[in-house]
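Some structures are shown below for you to check.
Two complexes are shown next, each including subunit A; its partner changes from subunit B in the first to subunit C in the second.
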Partner chain A sequence: MEDASISAGDAVRRDLGARPLWSRLHLPWVAGALFLLLLPWATRNAYHHYILNLILINVILAVGLNIVKGFAGQVTVGHYAMAAIGAYASAVFAAKFGVPFWLALPAATLFTGLVGAIVGIPAFRLEGAYLALATLGLAESVRIAIGVTDYLGAAVGFSDIPPPVFFGRPVVDHIAYYYIVMPLALAGIYFSFCILRSDIGRSFKALREDSLAAAACGINVRKYKLLAFLISALYAGCAGSLQAHMAPGFLHPNSYTITEMVTLLLMVVMGGLGHIWGGVIGAAIVTVIYDLTRDYYQYQMAIFGMVIVLTVMFMPRGIGGLIDDYLAKRRFVAIRRAKANAA
Partner chain B sequence: MLLEVTGLSKRFGGLVAVSKLDLSIREGEIRGIIGPNGSGKSTLFNLISGVYQAEPGGRIVFAGEDITGYPSHEIARRGIARTFQLLRIFTQMSVLENLLIGYHPHVRYGSAAATLGSASVWTEERRLKDEMMELLGFIGLTDYAEIPAGELSIGQRRLLALGRAMAMRPKLLMLDEPAAGLSPVNVDKLLSTVLALKQRYGLTVVIIEHILKVVMESCDTVTVLEHGEKIAEGAPAAIKDDHRVIEAYLGKEMGDAEVRAFLKAS
Partner chain C sequence: MVAYVVRLCLALALGLAFSLRPGVADAQGTIRVGITLRMLVENGFKYGQMAQDELLAVNAAGGIKGQKIEVVLLDDECKPDKGVANTNRFIHQNKVHLIMGSTCSSVTLPMVDIVTKEEIPLIIPHSTNTTITQKGSAWIFRTSVAERFYAAVHAKYLAENAGKKVAYLFTNDGAGISFVRDYKSYMADTYKVEPLYEGQMQETDLDFRPHLLKIKSLNPDVLAIGGQIDAIARISQQSYEVGIPSKVRRVSASAASNAPVPELAGDAVKGLIFAAAFSCTDERPIAKEFVKMVQEKYKVRCPDHDFSQAYETAQLVKLALSRAKLTLTDASLADDRKAIRDAFATIKDYQGLASGPINFCADPTPQCRDGNRTGILVEYTKGGKDYEMRVLARVGFEADFGLKK
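== the complex of A and B ==
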């Protein structure tokens, strides 16, 4: 006799594969959005609201880094410098040219995307540690250049960056700012799912695994490397702009050092390279840990670096791997139960 | 001629791997390429598929277009698919995904649409998944669609490598030792799959093979290489009587009893 429960499950699965992503993820997304809409009201503590915004900005950064590093396998250490470029570009647009936040954000995002594509060019010839060194060099030059440029506030910092203005009212309150950051973070996650599950995501994975074989399959390896750098820089640019305009509207080159980059790497590695939800969870956990250990700033890089190494050694698929294993096990148990019931 | 190669050479330092080679492949034929180990067979494939750049003076013309010096992906897009001697399938991706990668040149939506998750992307994805499932059925791996390619057996991997090349919908299919390491039963299975695919899609096939049975039974013409040079070319029956071919094989470790027996007796 036909096993009804299992074939029904298969039918659902087949059906799911056919429907567009927005409809496929309908329910979880709606429930999640509702939760996120109400989330800041769970606490009255303004500092918690600030941390919440920080988490969401880091989610955007981590999801973006995951695209270039997790999907496409390009070892870049320059992602944080991209955020710096986005932040300072947005600050210049808004503070020096009076461009409103709503225009400065997309402009800074696009500008950073462009710079990111250029930074991706060394990836044509370099791989692994060499690419990491090249991008590290570029990133450090960006930070140092900012630190000596008076126009950008040099080592004093860039202050008085205007906040977003919403219907004539400046958004300085962290709860209000949350409602700008949160939708952008959600959009970032959504786009990265779309990318991963399309031909672009497949091409990224192919060039990560074997770029020679990918080229033999007709994949323009350079184009896709560039695309990965460009997309991830768009994320970083957007996150940077959000950093710039968040109260108190102040930027300093010291918030874009190699320590911050290591922190960002930890988010993605802990979450599981190439795993989108893992990266989101990693961003949340690491942001909180980073903030709690602020007093020990000088040790952070060493400790975070060590945690990265340990994670790679003992939990190479990260939190995302644990989630996947759990889901696979649950599905296995469900199928076995369905079979037992049918018998 | 579908493929016209003239004066093709490749040097690695002092070693001449391929030397002033001429090769013409007629549309619709099955060409066998044989030769002892290190005679330059794989290097020839790597030159044609753009993995290596030929020395100046060599020319590769495919379907009337001079593709000399083109990058790999451009050559693939023009209809030349190849498999690798070491397979190079994507072991971390599912079997179905491997085929979808092969189908990449024919995906019809753009990067922007894919990023925004437009509905047209998902209808197209469904269409190409259906198409790849059909191909998967053809190579007999339907049940393994969702399984990581790294978990397949060696025989299944060879079939997948063949499938990935076929997913590119090529005009010319170049197979580098597709049957190596397979049991006789699996060799026959692979061979019949290749022949069926050729019939079905109207392919031209170039096949490098050490297993002489494969070459002798299924090829229209056989080209023999030694030290990067062509030492003989012709119908299988004529080739196996050619004294230079016999010498080339007998001189090497390839000239074991089995080959000797096959070349002389059959």
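== the complex of A and C ==
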């Protein structure tokens, strides 16, 4: 019996567990990057390039939200406010101080990360609905503060944000901007995988399952909560900066309301909390559905509400959950097959 | 099992959504017009529908010089990102010949940058922000009255008829802020008068009484109320609750012309004045005919200036299209857009529903592109469901009024 189980384990490792050479060489990533490089050329017009940019910016936002909510289990409703901070910070650096995009982007990202770390402090003592309320309050405060600050364009909006300049040429076409957004989105997804597979990722997951048990195991709960908020804010800051510099370079506080936050949550929930690819797929699907339902504006919010209800009722673990189910079934079949062979 | 069926339905719905994606408009020989407005508000859907109906009505009469019109109508929720998305879609996906929009200035401002870069004519029915036409775009035309004119209409009237001690109370939305800013600026520049009091609250605030009590103690001549429908109605009501007498004139932004204001505020709205571009009590035959049409077709008792300006803009679009020489092929798209722009620039002394004649010209300046330079001053004489109003004054301005010399 013992021998049989060992051989079954070996078979499973052979079938599924061991990483083949192509995987170790990051070939899927290379293939993905190649696909994304060529994708704009397969689309029909500049509007599709614009939508691709929106999808990729939303992917960065969704992947970032997944880190704090999906991996670390912290209920935040303030992620979009972080994006607003990143967007306005980048706009101020570029439009008011003349900082080029290539410096404004990292500066705004770091600035947002710092704000994210400060926002993470209440999470030391708050959990669940209370943390959600605290972050919701923050999100609304940010939006209102922007709306009454003349320096940031107040309720009229922040206009004339300069586009990136590449070798002396402003990047104003959506297809050209795509080649700035795409590598950042890809890097964001890759970095998210790196986090998930590291001891930081495992600590996040322990925190999510039971923070008391995690603390009992020696995990510094405060440190990892703070880290989760910081990393997620870095993603939001980067996405916000990309939103700000995309043509026509205009920001308004009305673009950062609770409706946008709920839409972002839908991306992550639909994709599957804690599943990186799920978040990516969720962001793509929700952005495309949002665009497709633009013609049916009277029913758009009803459609979105229905999708949320149906997803929560029948796909509570999202698309990522479906992928998990499939992989678990595959593993189960492999074990059964291995046992049968051993017998 | 049920779960699997629902999952399958979800997947099918998603697939269907992708496959039903509206295709690129490539019908040649058709004039394509994109309309983006704030639709999901009181009457928003109706005036959007009306603008679309007005344009499509020419098809029943054989089109414009035999050329049919196709309209794509979208909602932008008064959010700039949605307006930008709609504009991009009109230009690159629907390949429209001209765009009409938007309601909110914060949406129109980024739209101006896009249409200027892509060279598409944009006709603006509602947005009032002065800076829109100061961007120097050769592709935009505005039929609504700009803030630089509105501010002076009531400021001058009140300074001469009520007094110069003005208390300002406003909410932090674009309309409220710009109304107060322009009023203050006019009073400071013209009469060297500073505000008696200034209070700012949130759009969603309900209780304005603490501010109003302070205002009462200062004994102002005028209470200036900046904000949207709910705020104007609440402040008007609460100003009487705290005992500010009726001899203190109440003045508000053009949002006061929206029907829910008198309906919500009841008799508290009596005596409230505002500057607008149209009043449903207008006695001109063209206005009476318009009001009757809206009442019968769209079931709105007293159409406000959002309705009239949407209607007026649709008429101007038809006029420009009838003057433009259009080829309407894929290859001629850029030339057709330019021809429509040039046709708009030829419109002179057009007198329709608007408070004054509409004049455009070729220079990309506010003087040429702010078409309507006449505001009317309206006063509510009765509140509630059967509200009534009267026109106090009609004030026309020079083309360069309110511009920095």
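Following the convention adopted for this analysis, the second predicted complex is superposed on the first by the 284 of 343 C-alpha atoms of A that agree within 3 Å, B and C clash if a C-alpha of one lies under 4 Å from a C-alpha of the other, contacts with A are read in each partner's own complex, and residues count from 1 in each chain.
The rule is simple: a residue touches a chain if its C-beta (ideal position, glycine included) is under 8 Å from a C-beta of that chain, and two chains touch if they have at least 3 such contacts.
None of the values given here were measured: they were computed from a predicted structure.
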| item | value |
| --- | --- |
| Touching partner for A:Tyr297 - first (subunit B), second (subunit C), both, neither | second |
| Which of subunit B and subunit C A:Ala155 touches, first, second, both or neither | second |
| Which superposed partner A:Ile335 touches (first subunit B, second subunit C, both, neither) | neither |
| Partner chain in contact with A:Leu133 - subunit B first, subunit C second, else both or neither | neither |
| Touching partner for A:Val172 - first (subunit B), second (subunit C), both, neither | second |
| Complex contacts: residues of subunit A adjacent to subunit C | 44-48, 50, 54, 144, 147-148, 154-157, 159, 172, 174, 247-252, 254-255, 285, 288-289, 291-295, 297-298, 310-311, 313-315, 322 |
| Residue ranges of subunit C in contact with subunit A within the complex | 3, 6-7, 10, 14, 17-18, 20-22, 24, 39-40, 45, 72, 74-75, 78-81, 84-86, 88-89, 91-93, 105-106, 109-110, 113-114, 117, 129, 131, 172-174, 176-178, 200, 202 |
| Partner subunit B, residues of subunit A touching it in the complex | 17-22, 190-191, 193-195, 197-200, 202-203, 205-206, 209-210, 212-221, 227, 231 |
| Subunit B residues within the subunit A interface of the complex | 49-51, 71-73, 76-77, 81-82, 84, 88-93, 97, 100-102, 104-105, 107, 109, 111, 114-117, 119, 121-122, 125-126, 129, 164, 168 |
